[in-house]
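Per-chain residue numbering starts at 1, and chain names A, B, C, D, E and F are given in the order in which the chains are listed.
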Amino acid sequence: MNDLTDNPISATVDFERDGVQHGFLKLPYSRDDSAWGAVMIPITVIKRGAGPTALLTGGNHGDEYEGPVALSKLAQQLSADEVSGRVIIVPFMNTPAFQAGRRTSPIDKGNLNRSFPGKPDGTVTEKIADYFRRTLLPLADIVLDIHSGGRTLDFLPFAACHVLPDKHQQAQCEAGMRAFNAPYSMRMLELDAGAMYDTAAEQQGKVFVTTELGGGGSSSARSVAIAERGVHNLLVHAGIVEGDIALRPTVMLDMPDGDCFMASEHDGLLEMCRDLGEEVSKGEVIARVHDIKRTGAAPVEYRARRSGLLAARHFPGLVQCGDTLAVVAETVG
Amino acid sequence: MNDLTDNPISATVDFERDGVQHGFLKLPYSRDDSAWGAVMIPITVIKRGAGPTALLTGGNHGDEYEGPVALSKLAQQLSADEVSGRVIIVPFMNTPAFQAGRRTSPIDKGNLNRSFPGKPDGTVTEKIADYFRRTLLPLADIVLDIHSGGRTLDFLPFAACHVLPDKHQQAQCEAGMRAFNAPYSMRMLELDAGAMYDTAAEQQGKVFVTTELGGGGSSSARSVAIAERGVHNLLVHAGIVEGDIALRPTVMLDMPDGDCFMASEHDGLLEMCRDLGEEVSKGEVIARVHDIKRTGAAPVEYRARRSGLLAARHFPGLVQCGDTLAVVAETVG
Amino acid sequence: MNDLTDNPISATVDFERDGVQHGFLKLPYSRDDSAWGAVMIPITVIKRGAGPTALLTGGNHGDEYEGPVALSKLAQQLSADEVSGRVIIVPFMNTPAFQAGRRTSPIDKGNLNRSFPGKPDGTVTEKIADYFRRTLLPLADIVLDIHSGGRTLDFLPFAACHVLPDKHQQAQCEAGMRAFNAPYSMRMLELDAGAMYDTAAEQQGKVFVTTELGGGGSSSARSVAIAERGVHNLLVHAGIVEGDIALRPTVMLDMPDGDCFMASEHDGLLEMCRDLGEEVSKGEVIARVHDIKRTGAAPVEYRARRSGLLAARHFPGLVQCGDTLAVVAETVG
Amino acid sequence: MNDLTDNPISATVDFERDGVQHGFLKLPYSRDDSAWGAVMIPITVIKRGAGPTALLTGGNHGDEYEGPVALSKLAQQLSADEVSGRVIIVPFMNTPAFQAGRRTSPIDKGNLNRSFPGKPDGTVTEKIADYFRRTLLPLADIVLDIHSGGRTLDFLPFAACHVLPDKHQQAQCEAGMRAFNAPYSMRMLELDAGAMYDTAAEQQGKVFVTTELGGGGSSSARSVAIAERGVHNLLVHAGIVEGDIALRPTVMLDMPDGDCFMASEHDGLLEMCRDLGEEVSKGEVIARVHDIKRTGAAPVEYRARRSGLLAARHFPGLVQCGDTLAVVAETVG
Amino acid sequence: MNDLTDNPISATVDFERDGVQHGFLKLPYSRDDSAWGAVMIPITVIKRGAGPTALLTGGNHGDEYEGPVALSKLAQQLSADEVSGRVIIVPFMNTPAFQAGRRTSPIDKGNLNRSFPGKPDGTVTEKIADYFRRTLLPLADIVLDIHSGGRTLDFLPFAACHVLPDKHQQAQCEAGMRAFNAPYSMRMLELDAGAMYDTAAEQQGKVFVTTELGGGGSSSARSVAIAERGVHNLLVHAGIVEGDIALRPTVMLDMPDGDCFMASEHDGLLEMCRDLGEEVSKGEVIARVHDIKRTGAAPVEYRARRSGLLAARHFPGLVQCGDTLAVVAETVG
Amino acid sequence: MNDLTDNPISATVDFERDGVQHGFLKLPYSRDDSAWGAVMIPITVIKRGAGPTALLTGGNHGDEYEGPVALSKLAQQLSADEVSGRVIIVPFMNTPAFQAGRRTSPIDKGNLNRSFPGKPDGTVTEKIADYFRRTLLPLADIVLDIHSGGRTLDFLPFAACHVLPDKHQQAQCEAGMRAFNAPYSMRMLELDAGAMYDTAAEQQGKVFVTTELGGGGSSSARSVAIAERGVHNLLVHAGIVEGDIALRPTVMLDMPDGDCFMASEHDGLLEMCRDLGEEVSKGEVIARVHDIKRTGAAPVEYRARRSGLLAARHFPGLVQCGDTLAVVAETVG
């Protein structure tokens, strides 16, 4: 049984020591260009006395940037004096993917958020997953994983929590999401969540908040500000950092069924007819796919299957058969 | 002398025939996966009677999408009846680059806009340049080349013309730029323009208009609308299509010297402190570069060397030493 | 247990609906160039009333073309009126491999015909295998999988059935093979068949027919005609399509032991001394391997280890140590 | 002027020495994996006394195999006693391409037959071209370059000569072609021959014969036999080897104009409706291109633009927009 | 259970036959460039009568050369007359890695020495591991696996044995190590040995000796001489070959704890301040890492955490964060 | 004429300013992953008052490390106070090659030392060459370019000067070489020097010294010490830095003719029979090449064509046909 095998990752920081420590999670990785090499995952631990632990992560997908920027700044700026309890910061969770600017790991093509529960003797990505599940998550009370759309998707900025079987836990997660206070908020029912980090955290009873804050493989001053404010709010909410949370209005979104998702059945040049945040009506053309091999051919039209707000879109200018073109969300109460 | 050598490209359309023709510029290209293959560049010619010729191009860089979308739609929708003269449309000018979604050609790494005057017996990209210079440009009176920032830059949407030695020609180009009527407009002094398509067109005395309409390797409903409206306006302005031009306000921009450009001297994670279109003041931090190998290190700060408007930025979340981080433009009159 | 996990593939066609439907098997596939993308496997279902179901596949290996051509034509031409029962057509079974023109999948190097029984949570290729085993095969009564030699082998055109433990089932398969009526026919004893599609079908008690119809990564008018005629015959034989089968002579082949196979123990330039379909005698030189690094060296000679017909050969002009050079089959009865 | 620069290639054989020598043309090539390395082109020189010189080459394109096999065998078997004069054999002319099994050089993508006149200080392929033009061709009286279709084309087996301005030279070339005595023969008017080896040889007044003997990236016992018999015949014809030439019937072909060539304007799955050597009539469908992204779509039909014999075809099962699908030749006299 | 599945590798040699046999372990491997291909692992068996069996291997990692050279020579030179018992020689154990000059297999990135116990239906590397474990190791009494540092490490030349639970077995292994008689010798406690060949051999009760004889992806006359002398000594020691062992002095080394290992936490240009075999004192700077992106920055200094001998070092001039920089060993007794 | 075109490289340092400046040579380079990017070549200028200028370079080939280490340290340590005149330091001359750890540039495969005189509008490597020739070399009086063998060669450590037509210049260069005072020294007659940096420097009348100080893609404490001592000595010799030069014995070497070089005509596993610095006798076997595809084959033996000292060798364990195996030098007076 894998859970009896030790994970080969060792930390150069001491999770029980007070103060600020910057170090690495060191994962031995023997390969052609380094027989005795290692994957080095940067980590910061900031601790003072007793109190709850927050585990803050970015770079779960390596091409999403609000988390890495906001958490790099937090790691550099937060002093132990400001903390009651512990903040564990891993800004570049899937470090090999992040350093390559790719969603997945260039080492093993691993999508970290589809690699849980992980394996201590598996691929590099599976070892990282196992270490988070068996070593870091048990240390935490509240867990925030900052996502964005990455290079190929773009999202309205929202924080999210999941519909969970334990309604008390769900309420706590929802309180965390509301404390994060992004411009949009979403309560999600994940259908195929078995291999996600979210599930690994929730199954251990943690308060878990996730986000989608933009995309396109970039970040902006505006989207980073949302992340920084949300992280600060959440630490205050958790009682780790002192301060007030001045809540701003947030739009509650819902994606009730599969009709929210629109996929392309053609390769080609994408023309979006609506932009993120715009209202769309059922039956309206919201995207066209043009032929890139010839001129004069009629484009394929894709029509909304429900009314709502354009909440996400395919980002790159070219699209492949099977790609999700757009997501239409419903605004709730 | 290369100009005595025939260009190997042949057109499947007849530039002198009235009506709408969709076809190809066929460039023979023998290679490992096709001994007798060809690069096929889609082209549309729409002609009715006598009158001026407009040459409209997109995809000069293959990862810029407003031109390809707007011109694909025009090629599919414009009828010969609406035209007095001729419209030549090449929506994917560097077709191999465009079909690969890359700035440059995957065949020869050729940056088409740095390949003029081209060579009939050179690389695939040089052959395309030579064909435009010696065959297509001589057919045209007015030339529009639609650019955006591509995958690695993002721009405020502007149309542009160049400062030219022939002031009469410059005035005509400026009139074209104003007719295009993008939200921003710019009169540019190119310093190193020798190998650009712009220069090849201007040296033949053509009225030449170019644009930057967005970037990031994507397009939006809003940016495509700017392109479509600009193309229509320009055809009306040229007297090829009938109609009125309802001019909207445009902001005139200028980039007077090298202090407008800010380059990174470090690799790392980019944090933009200002967004496109925002005012920046000289000395203000407008970007930071964070270490991606460790936490806790102070980021490198980049400060504006002049006041103005943030007109362009590096788009991807990671930055390399030498990359242009941002461009600050001056608003004029 | 994997069989309790749902396969993530969904079909855009309804297998129970009468009429002709063209659609996709959609396999979600998150990756660097499409976070929310999918592999889209084209499928056609043609159904009218009650009656048996035939499952017809090509492109199990992606560089074999008789199946894809013949089945693409059938999918486009066969009307529901002509059918009693159901015909399920998947012309490009391992779609990623087929679209890349490769034997195996460019996504995961998966050889589909060595990936059974498959895994619903495995690689893309393993998910396809699992879907065929658990969803499509149970729908079928008769199964035809059209193979050829692919880019690196060339075969005499034959249909085949396997020696099976259930002699009644074997007789039905053999009747199907005879109905297909290729120029050559072969009853095969597979030694290492555990991971083959053939075995997955046969273990469910299906009537299963396979073929090898040529090779070299191409097809010809002649080899496609064999496939089309064979498919038609088989549908008539199954009672799904009306018509007569005019049987032509077929040569029965056998490959009784390992002496039929001749492998190279050298890298080099291949010289075949006999062509497909020619008689060879035991001890005769049937291939030579020449040195490609120097001239003047004596080639290595490979001699037939048994007499028979040259039934298959290595196709490319260069050969590697370990490659099968030739197969000599025995003619039977 | 490049012709004043020495070519860096040195030969390990002495062209003036009697006897059989196997050696190399050594081309220094400094690169990442060998700072002081070289490209080594195998060569055999067989010489006895005075008499004419034949220069025999294969592997001009690296994926064509009849020449390499026939000439490797000749180099190994021909003794100096059998020769009056000199035979220079280079079976793998573009050695890097040949050893990689590719049409062009993996070092510089060079298509040797489009690299003449070459450059002594150019790419590896250009250096080889220059060496043949300035060193080997001047040694020769009669030149044979054995081609086939390579991996992506397939041809009826023919020998060929060119229409030349010097009619005496043309007659000698035609006599050489007839002596080679392939099943088909063709007198060709090359339109774009400037960079070909053929032209370099003919401009020096040499008797030049070329061939196309098959293709698909393979060879057969039958096609190699044509090459071996042709080489022998030509050496007898040149007076270098003693013997008789028993001429067999040959079909004279002609490709009078561009209507002989049929190119695809679509990507897809190729269905040939006629095979090599079959008669086709003007207007007849000779190929179809099927959609590989979906089923149920009508294929694109390609019809013969003239009547004649199917003399060449695209070989691989998939086809790209721009590929030559088929060549229809006219039979003459 | 995998151990019930047959390994697909077959040997072309007969392990029970007297005499010298050179052949292959043939591992069927179907792939894009050879549908019916195989990995061919060279093997030599030299046997005469009854007596112990030695299994000698090199190339477990493909970029280590003392083993392949010494064992290639032995295979070519040792006659059956000189042997009492059996010598099985596999000089290139991970043949695909060795032929590519890489530590791991280019087929599946497999590190053979981390792939035990292997799987008969796994990757190519896992199949090789399974074959050694279940077929070759059971034939052996004494096992020698010759390692070096490979392309990225350099070692003082030593033979080694492991601390084992069975002290009798350990004593036999230590006797073997002493018989090998390298300039340095080491008794090692492996901490993470589960997937090593060493462990597979030791678990079967075999006398197992391993080595590190140099590195850098090269070998020298001196290092090969150490290997050849060691192999000869070991065969004499095992009673398979007759002769005397003239023992030379050897330095006993020990690596008692993790302070022996020094890893880089920075990317950069490596400056070693001590060379292999030199004494180092605790606290002394033994390496520096310089910035490769700019001049003028202070290098990072790495200081010895214990005193001893520099026993191993990172070899390439550039170093990555996580790489082992140096190993300091203690001299014993 | 290219010399009329401005080189696009700009320096961020002022060559005329006193003091220590660390900066970059900035070469604009537009590419897929950075539309407005640049190659940034680190440079240090250390100047005080009038006096001669030394131009010191490493990393001309990117896998040679003594120069980069010694010059990085000098740039960081040398103060302006210690200097009379000017020291220009470019430790990583071909920066893209150096940062990739490769001999040649990953951008254009350019071997910088074969790219002179360069082109201002050529490839990246040609632009660097042009900038050194037209901008940096004219600033210098004495020029030192530190080489080693790189990843694929290993050398005895020597400084060198060339035989020059101007005997006064040659004497000055030889004095520089002697001042550098490496363990070995060599006066070289370059045969094919046209495209070398050496030649560009010498043609401008500069005092030019070069070296080979080791190899294998690594450096050692010992080899770096030779470089550091040599650089210091040369600066003293030039009168730029004060101090004494304590000359140590040096062995003068000569490579009088082509018999010094031994090249492989086979692919295989290299066995060196002599190590660097050892005496070899004419006719002695100094290397063997073993078959890597099978055991039992006799290796190919390479024998010395002259007596002398083994001065250089092929480094990697595998060798390709055409590689230089070894260089035997003569010791002089």
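One rule holds for everything that comes next: a contact is a pair of C-beta atoms (placed from the backbone, for glycine too) under 8 Å apart; a residue touches a chain by one contact, two chains touch by 3 or more.
Predicted model, so just to flag it, every value in this text is computed and none were measured.
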Co-neighbours of chain E and chain B - touch as defined: A, F
Chain pair repeating D-F, as identified from C-D, B-E or A-E when over half of the contact pairs by residue number coincide: A-E
Chain centre separation (chain A, chain B; CA means) in Å: 35
Where chain B and chain F are represented by their mean Cα positions, the distance between them in whole Å: 43
Distance from the mean Cα position of chain D to that of chain A, given in whole angstrom: 58
Chain B-chain C separation of Cα centroids, rounded to whole Å: 49
Residues of chain F engaged with two or more neighbouring chains: 24, 40, 63, 265, 293-294, 316, 321
Pairwise chain contacts under the document criterion: A-B, A-C, A-D, A-E, B-D, B-E, B-F, C-D, C-E, C-F, D-F, E-F
Complex interface listing, chain C residues touching chain D: 20, 22, 24, 40, 42-44, 63-65, 68-69, 72-73, 75-76, 89, 91-92, 98-99, 101, 154, 216-222, 224, 269-275, 278, 290-299, 315-318
In the complex, chain D residues that touch chain B: 61, 63, 102-104, 109, 111, 114, 149-153, 192, 195, 263, 265, 314, 316, 320-324
Partner chain F, residues of chain D touching it in the complex: 8, 24, 26, 29-40, 121
Chain F partner contacts - residues on chain C that touch it in the complex: 265-267, 293-294, 321
